[in-house]
Amino acid sequence: MSRARLEAFSDGVIAVAITLLALDLTIPDPTHGELLTQLGNHWPQFAAYAVSFFTIGIIWVNHHARVSQIAVVDRTLLFINLVLLLFVVLIPFATATMATYLTSSSEDAHIAMALYAVVLEGMAVSFTAMFEWSLGTGRSLVTVPIDQRHAARLRTSIGTIVYAVVFVVAFISAPISLAIAGATAIYYVLAPVPRGAAGVELEKLDSARSDTGGNA
Amino acid sequence: MSRARLEAFSDGVIAVAITLLALDLTIPDPTHGELLTQLGNHWPQFAAYAVSFFTIGIIWVNHHARVSQIAVVDRTLLFINLVLLLFVVLIPFATATMATYLTSSSEDAHIAMALYAVVLEGMAVSFTAMFEWSLGTGRSLVTVPIDQRHAARLRTSIGTIVYAVVFVVAFISAPISLAIAGATAIYYVLAPVPRGAAGVELEKLDSARSDTGGNA
Amino acid sequence: MSRARLEAFSDGVIAVAITLLALDLTIPDPTHGELLTQLGNHWPQFAAYAVSFFTIGIIWVNHHARVSQIAVVDRTLLFINLVLLLFVVLIPFATATMATYLTSSSEDAHIAMALYAVVLEGMAVSFTAMFEWSLGTGRSLVTVPIDQRHAARLRTSIGTIVYAVVFVVAFISAPISLAIAGATAIYYVLAPVPRGAAGVELEKLDSARSDTGGNA
Amino acid sequence: MSRARLEAFSDGVIAVAITLLALDLTIPDPTHGELLTQLGNHWPQFAAYAVSFFTIGIIWVNHHARVSQIAVVDRTLLFINLVLLLFVVLIPFATATMATYLTSSSEDAHIAMALYAVVLEGMAVSFTAMFEWSLGTGRSLVTVPIDQRHAARLRTSIGTIVYAVVFVVAFISAPISLAIAGATAIYYVLAPVPRGAAGVELEKLDSARSDTGGNA
C-alpha cells in the first residue's frame, strides 16, 4: 500500500461524505405552506450543514497534512485510517439527526446533539491515534524532536478536548453546543499554524511550493 | 497542502455534486397516470437538471484554470475554496427546490428561483474572491500586469453580475430567469477565451500540450 | 485544461454514476410479504442494474481509450465531454424508470424502455462526436490514416446503431430490448479489439505495458 | 487501458460505495418515540454498517495490492474487475436489507443474511478470479513460483470459504453469521501478512517506501 493510494482513497471518501451532507437539505413540499416560511423553519438544517461542511473540510486539511508526512504504511495505520473514515462517513447521518431534533423542546434535542458530539469525538480520537502512530521510529519523513512532542501532542489532541466540551454543553443547550462546534471548525480553517514543532509539517509543504519563503 | 491535492479534492466534490443532480429526477409512479404525460409534467426537473449540469461544468473548468495557476496554498485560499465548494454542494438542493416550484402560479415560483440565484451568486462571489487572492504577490505562477487587471477582473466577475440579473428577473418570471442562467452556462462552455490578459492562463495550458501552437 | 484533469473529472463522474445505480435496488419492507417472493418480484431491478452497470463500464473503458489519445483540449471537446457526461449521469434515472415499468402490461413498458434507449443513444452520439472531433489535424497523438477512417468511424458509431435498434425493439418487447442492450455491453467488454486502424489506440496502450507484445 | 487508470476508477467506485453505506442509517422521526430508544432499536443498522465498512475496506486494501502487481491490462481483467465492482456496489443494498430483517423472528432473517453472504461471496469469487488471471505468464510484475502457488491460492481464496460459512450459518442464526463476517473483516485489516509467497506483493510495496526495511 503506497501513501499516495491511501491519500487518494481517503480523499475520495471525504469528498463523497462532504457532498452527501446536502442530501439532508429537505425540499419543502408545496402543500406544506409558503416557501419562505418553510425555508425559515429549516434553519437548523442549514446551520448544521454549514458546521459539518467546515468540520469535514478541516479534517480533510489535517488528514492530508498528517498523511503527507508518513514514510511507511503498515496494517495498524490502515486500520486507524479506516476507523477515522468510518466516523467521517457517519457525520452526514449524525448531522441529519441533530438538525431534526435541534429545536425540539424535549430531552431529545440534548441526546441528538450529544450523538453528533460523539461522532466528532470518534473522529478526533482516531486522528490523535494516527498522530501517535506517526511518532514511531521511521514512520514519518520528518521526526518531531522528543522535547517538542508534548506541544505537538497538545495541538493535535485539541479536537478531542473541544468535542468533549461540545458533548457536555449539548446537555445544557443544543444550539450553543452547535455554535461551539462551528466556531471551532472555522477557527481551524483560518487560524495561522503556530511556529515550531507542532506546525512544522504543514508549513513545510506550503513553503516548498512558494516563492515567498516560509511566511506563506 | 499541495496544489494537486487541492485540485483533486475539489474535483471530487464537484464530480459528486454534478452527479447528485440526477437524484432529483423523480421516477413517476405507475399509479400516477401515463408515463409520457408524467414525463411531460416533469419538464422543469429536466430543464433544471440541464442548466445546473452545465453551470457546475463551467465552474469546474474555471476552477481548474484558476487553481492550476496558483503557486502557493495558504489558509486563506483553503477557506475561500471551502466556501466555494459549500455553494457548489448546495446546487443540487437549490435545483430541486427551484424545479419543484418553477411552474407554480404562486409567489413561491419567484422565491424558489431567487434562492437558486442566491446559491449561484454565492458560488460566483467565492470564485471572484479566489481570483482577487491570486493577484497577491507570489501567489500565481503567471502574474497579470497591473494595467491589465481591470479587464481580467471584469471577466472573472461577470458571473456575479449575471447571477444578480438572474436574481432580479426571478421576481418577474422564473422560467425566463432559468433560461438566462442556462444560456450563460452554455455560452461560457463554448465561448472562445478572448486574447490578452484575462484569458492568458487557459490558453497557455491548452497550447502547452498542443502541436498546433497557440490557436487551439 | 490538461488531458489528465479531463480524465480524472470524467472518471469521477462515471464512478459516482455507476455506484448510484444501486440506489434503485429497493429494500423490500417486512410488511410487504415474504422476502424471497419480494426479491423475485424485483428481478427487473436486478436485471436493469446489471445491464446498466456493464453499459457504463464499457463507456468508461472506451472514454478512457479515446481521451488518452488526445493531444489538445479545447472548448469544443470540453462541451462534447460535458454532454456525454450529462447522458451518463441520466443512466441511473433511466434505469430506475425502465425497471419500474419493465413488466407493466400497459403501453408504458414500451415508453420506459424507449426512454432508456434514448439516454444510451445520447451517450453514444456524444461519444461519436468526440471521435469525429479527434480526427481534426493535431488533435490526436496518433493520426488515423485517411483511408482507414471509414472503418474506424464504423466501429465507433456501432453504439449509435445498436441503441437505435434497442429503441425500435422497445416498442415490440421491452424485456427483449433490454436483453439486446445487455448482450451488447458484455460483448464489448469481452470482444477482442480487431487489428487495424479502428483498434490501434487501445492495443497500443495495452501492449505498452505488456511483456508479451501486441497480442495482449 | 493503463493500470493506474484501472486503480483510480476502482478506488472511486469503492470510495462511493463505502460512503453510501451510511445512507441506510435512518434518521428516526420525532413522532416515533424517544430518540435513545429509537437509536437502540436500530442497533442492527449500526452493526451492519460497521461490518460492511470494514469488509469494503479490506477489499480495497486487497484490490490495490493485487492490481499494483499487474503488468498488463487486457479485456479479461477489465471484465473480472467490473464483475468485482458490481458486487462491491451491491453491498450497501445487501447491508440495508440484512439490517432491516436481522432481528426479525421469521424465516426472512435467515434469507436476508444469506443474501448478504451471497453478495460477499460473489465479491470474493471475483477477487479469486482476478488472482488466477494474474498467474498467467507475463501478467504480473512479480511471478509467484510454481511450488508456492498452492499456498498463495489458499490465502487468496480464504474469503470464498469464509463467506460460504457465513452463508450456511445464516440459516442457523443471522446475528452469529454477521458476527463471523465482522470478525473476518477486522482480522484481515489487522493480521500481519505471513512471510513467503502468499504475502510477497503486499510487503514489497510497504517496504519499498520504508526506511526500516522489510519488517514494516
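We just call them A, B, C and D in the order they show up, numbering each chain from 1.
In the analysis below, contacts are C-beta pairs under 8 Å (C-beta built on N, C-alpha and C of every residue); 3 or more make two chains touch, one makes a residue touch a chain.
Please read all numbers here as calculations on a predicted model, not as lab measurements.
Chain copies chain A and chain B are related through a rotation whose angle, from the C-alpha fit, is 90° to the nearest 5.
Between the CA-based centres of chain B and chain C the separation comes to 27 Å, rounded to the whole angstrom. Rounded to whole angstrom units, the spacing between the C-alpha centres of chain A and chain C is 37.
Contact of a single residue of chain A with at least two other chains is seen at positions 8, 12, 16, 20, 23.
Contacts between chains close into a ring here, every chain touching precisely two others. On the chain D side of its complex with chain A, the touching residues are 7-8, 11-12, 14-16, 18-23, 25, 27-30, 34-36, 39, 50, 53-54, 57, 60-61, 64-65, 68, 189-193, 202, 205-207, 209-212, 216. The touching residues of chain A, counted against chain D in their complex, run 1-3, 5, 8-9, 12-13, 16-17, 20, 23-24, 71-76, 78-79, 82, 85-86, 89-90, 92-93, 96-97, 100-101, 104, 107-108, 111-112, 115, 137-138.
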